[in-house]
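Across the two complexes that follow, chain A remains constant while its partner is chain B and subsequently chain C.
So, the complex of A and B:
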């Protein structure tokens, strides 16, 4: 950083005005070039056209010349076509998986947040451990267990039951895979919110004669609402764009989610970038509310930290 | 002790049971996967004795992480990417955090907003965006390591800002201003006062970015180039359904150990600063609060 030791007081003040934006500059430029421009590229490609000779997408950077025909074809498919079925399926899978995550995760987060003393750290370590184990490793671990003739099948054989082919395209396997994969990300913010509730608040409720159930419904649950919402948003955002979980645990067209269609058009074919980009815009329309809520939450959290 | 504790079906018993069941369910599959990475045979469901052949087996068999070219290359690629990302994203993020915390200009607010956006954007959207821009506009950037590196830095910068700015707000501006009142230039105040105070947060950021990068799957996959740019998570994804030998479990185990080591470093650094500012949290609680 250039500093001029001979500079007088007013110069130093003038300099200080430029120091701080100067610090922010590399990061801001980086994010403009590698986040904002790429983000715009999604629209440029979705509203562009396809080169008839080389059969590859040609982006249209100038919005005046945007051609919405391919985007409206995808939109048309969303309302009443194959894509509509996939979108509904995605919403159903995400909704069921999020609900199961909450039902399993809440008691766990509550229990650990009410622990004190020596073992609290150990409990916390155990519920946080999956957080730092790679998602793909955790999926692979289940593939191992669910493969034909593997441990889960052996349990079934032992009980005299006939196991289904777990990995052959069952929606419930995909949904349970989503639950298994994302639940740690819900438990963490939930634990944070529950941990901030002062034990004396709960004691006061009980001392005033409320039953444990009433204390839970009238005190604990309302006080943890922010944590529930934050946790749900944090898991629903990646779930909506997930393609690897259905691919790994099923691979069948019967369990295709929105993310799979994007993966297909971008990663597995070369000439369909325009469709892939249009699908990505549609995905963003689905998650826009979640993104906005999350953005407001983070912004508020940092503002509070500043005070 | 509440009276309900003598009843085996009391609420607190149920909570313990639910939590223990959750922990078993969430960890047992991983424990089994790790166990079978030490299997002496090729099976991943029948135990045939202990061996390290899938980790360090002979060059002739070429079946261990050490000697199977595809596994070894995935490990190398993941490490290279994580180290490069860590070295570039951390300084940029630290500078951005300092700049955004102190800057009061008209563009400060939009810049802050811009920094928050990558945190809330689903990875698949960022993956598509980066893929399309490298494919159509920045075509001088090759897919593979260069594109993956740029992508990893892009999603890491904002995490660094969040970690560092927490510390910046806690420090306040008093120390710096005192230094400048005593005659230090802004540069000296920065080097001699602010950066030392920030050092635990900077160390935590290095470790955190390393862990984020080595753990990433979506961005690495969308920006994949030639086979040598396959990272460990991408290798796990492409190999998991093909009835792989236990060497894939061994590769996943190595990834897990590396990630956890990085997180422990981040947690210890975080704890160091909490201690200095008077908190008495344990390391694990530091890691927990830190994630939010």
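So, the complex of A and C:
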């Protein structure tokens, strides 16, 4: 019965058509529940109004009633107001911290991937070890180490140096805190990228007469570019939202970052919660631009590699 | 459309490669379009205005009774006690852990404590109905809004005889809640100045007409901190600028106070902390800090082992002789949330906590003092509850009615918003 057969075939095709996209279902559900819905909730708070009794933000779910005053306040303050200074400060802190992470992290990743020999596992383990301890606990430990007269000061005294008051609200302490907190996240993807570089490309470079330094500049570094970018994105995204590092290691308004300001708006001065939500979304858009730049670069690099 | 030779344009790979320029163009368009969209929508409709709500905000000179509502009634007398566990919603470390078994034995039910990080969080959760507790510890500053927003239920004081028996008369019938309709008092505190005598000269505080000036004394730059709490920091700056009643300060005065705090960023390298008084001063990380009296009485237990605790001092400007500035004083309360599952047990818990020996056992660990008739302020020092050098941290009943004390209550909503806006400026460094 040819008609039945045809129907059976088309069923099979139909089933097959749904099988592969079906695999995306868990991811789509995840994205909807844990990204789209929360994002809309933040947006609704930013566009919402203030409760007349508790003076705290009430989300406005219906777009018809959205109120943009929080956004305009943030944008106004970002361009020419104090928020602008904080935004610039945040970018500068994150940029310096990322650069230091890279300067320290690259040689470490290079060493572990190419020069650590049979102890490679041990080195990786040592780099990963700080992950086992909660970030806050590590920062608390630093507070103790950096307290007046504590271990770090003792080292300075031993060397005959006068230690600075580490915890008295210095930008460099916050930046060092960021470096310490996030550097393992940079080393790992960098290690992966360096580890994937085919040894024969380096040998070819040397065979063709390039010096070790030139081989590094012309072969190793360009081939590890994706790892550098991935590592930088991974550390920069959380750094932009970080607020506990400046809180714990400084506490001074001098070192306030955007994360602190959001925390402040939302958790302390709750009547300003809508402004905090608007700032969150604007920071998110900025970070998304960075992320998208990374994805575009990776996409192009992948295509170039295929050709 | 022209393609670059390196781009993949064969029919199988029609998909356009996304260039950096495309990306930037689209990002810019999105950036322009997104903020504009809601204003277009907003032009179409406006939510009906929600009028302001009158809150009953009292002071010792004009006490208030909190309103009662038909749909929020106290429980009847003589009801049987429910089974536990009693669900308590409290600040972290705000009840003596050694008391838990004593409480459980006393009320005949087990107790479970959930903590909140700050009062805003607690109000947020209670008002959203996300959480259901039997007892909550609000500060007296949020009682008016908690009543207006029906977060707490009226009490049936027949279940709480200890209130009248043990508590100071002025607190058994407090200015913020006359007749204790919704709350019973928990602890008291003044907000003053704490310092270490090995880092700060006491003469710069004691005996000064305006003791708060010490926070602007650059000799102490780098070792000075204020509470990371806008009501406390802003009120202090207003006092320092000579404003007697911060709650009634004008917009100009509040702005000037914020400017004064902003000065501290460069002048003092000021830091805002929550643990500055009771942890950082004992550890020597701070030499001078704004302090709640309870924090400072408690600070003696936070000194490193073997350290000399007698270096710490506390002054409440309102009681400094010759002072020209006021000092803040306030209290915290216990209440039964609206819709509590075990209201009778909750009342029993409140009554239990107000009993003298229980209140004292709690104070021993907490450092924050309950308004108990049986606590003689002078005996607290003599009996070793409080070291003599921290005696100014003891709160006396008459402190609430001194000419120089400002009883910290709830700010009206417009003032709260003004303070919050100015505070955000302070915390941003200007």
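Convention: the second predicted complex is superposed on the first by the 248 of 307 C-alpha atoms of A that agree within 3 Å, B and C clash if a C-alpha of one lies under 4 Å from a C-alpha of the other, contacts with A are read in each partner's own complex, and residues count from 1 in each chain.
In this section, contacts are C-beta pairs under 8 Å (C-beta built on N, C-alpha and C of every residue); 3 or more make two chains touch, one makes a residue touch a chain.
These numbers were taken from a predicted model, which means no experiment stands behind them.
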First, second, both or neither for A:285, with chain B first and chain C second: second
First (chain B), second (chain C), both or neither touched by A:267: both
Contacts of A:251 with chain B and chain C, given as first, second, both or neither: both
Chain B versus chain C as contact partner of A:167, first or second or both or neither: both
Touching partner for A:47 - first (chain B), second (chain C), both, neither: second
Touching partner for A:147 - first (chain B), second (chain C), both, neither: both
Chain B versus chain C as contact partner of A:299, first or second or both or neither: both
Touched partner set for A:60, first chain B, second chain C, both or neither: second
Chain B or chain C, by number of chain A residues touched: B
Chain A residues contacted in one complex by chain B, in the other by chain C: 147, 149, 167, 251, 267, 299
Complex contacts: residues of chain A adjacent to chain B: 1, 3, 5, 12, 15-16, 19-28, 30-32, 34-39, 41-42, 44-45, 57, 59, 104, 107-108, 110-112, 121, 123-145, 147, 149-151, 154, 167, 180, 183-184, 188-189, 191-192, 212, 237-238, 240-244, 247-248, 251, 259, 262-263, 266-267, 273, 276-277, 280, 283-284, 287, 291, 294-295, 298-299, 301-302, 305-306
Sites on chain B touched by chain A in the complex: 11, 14-16, 18-19, 22-23, 25-27, 29-30, 32-33, 36, 44-45, 92-93, 95-96, 98-105, 107-108, 111, 113-133, 135-137, 150-151, 153-154, 157, 161-162, 165-166, 169, 185-188, 190, 211, 215, 217-218, 221-222, 224, 232-233, 236-237, 240-241, 243, 248-249, 252, 255-256, 259-260, 263, 282-285, 287-289, 291-292
For the chain C and chain A complex, residues of the former touching the latter: 6, 8, 17-20, 23, 27, 30-31, 34-35, 38-39, 41-42, 44-47, 50-53, 55, 117-118, 120-121, 123-124, 127, 145, 148-149, 222-223, 225, 228-230, 262, 265, 269-273, 283-285, 413, 416-417, 419-421, 423-430
Of all residues in chain A, those that touch chain C in their complex: 47, 49-56, 60, 63-68, 71-72, 75, 82-83, 85-86, 147-149, 165, 167-169, 250-254, 256, 260-261, 264-265, 267-272, 285, 289, 292-293, 296, 299-300, 303, 307
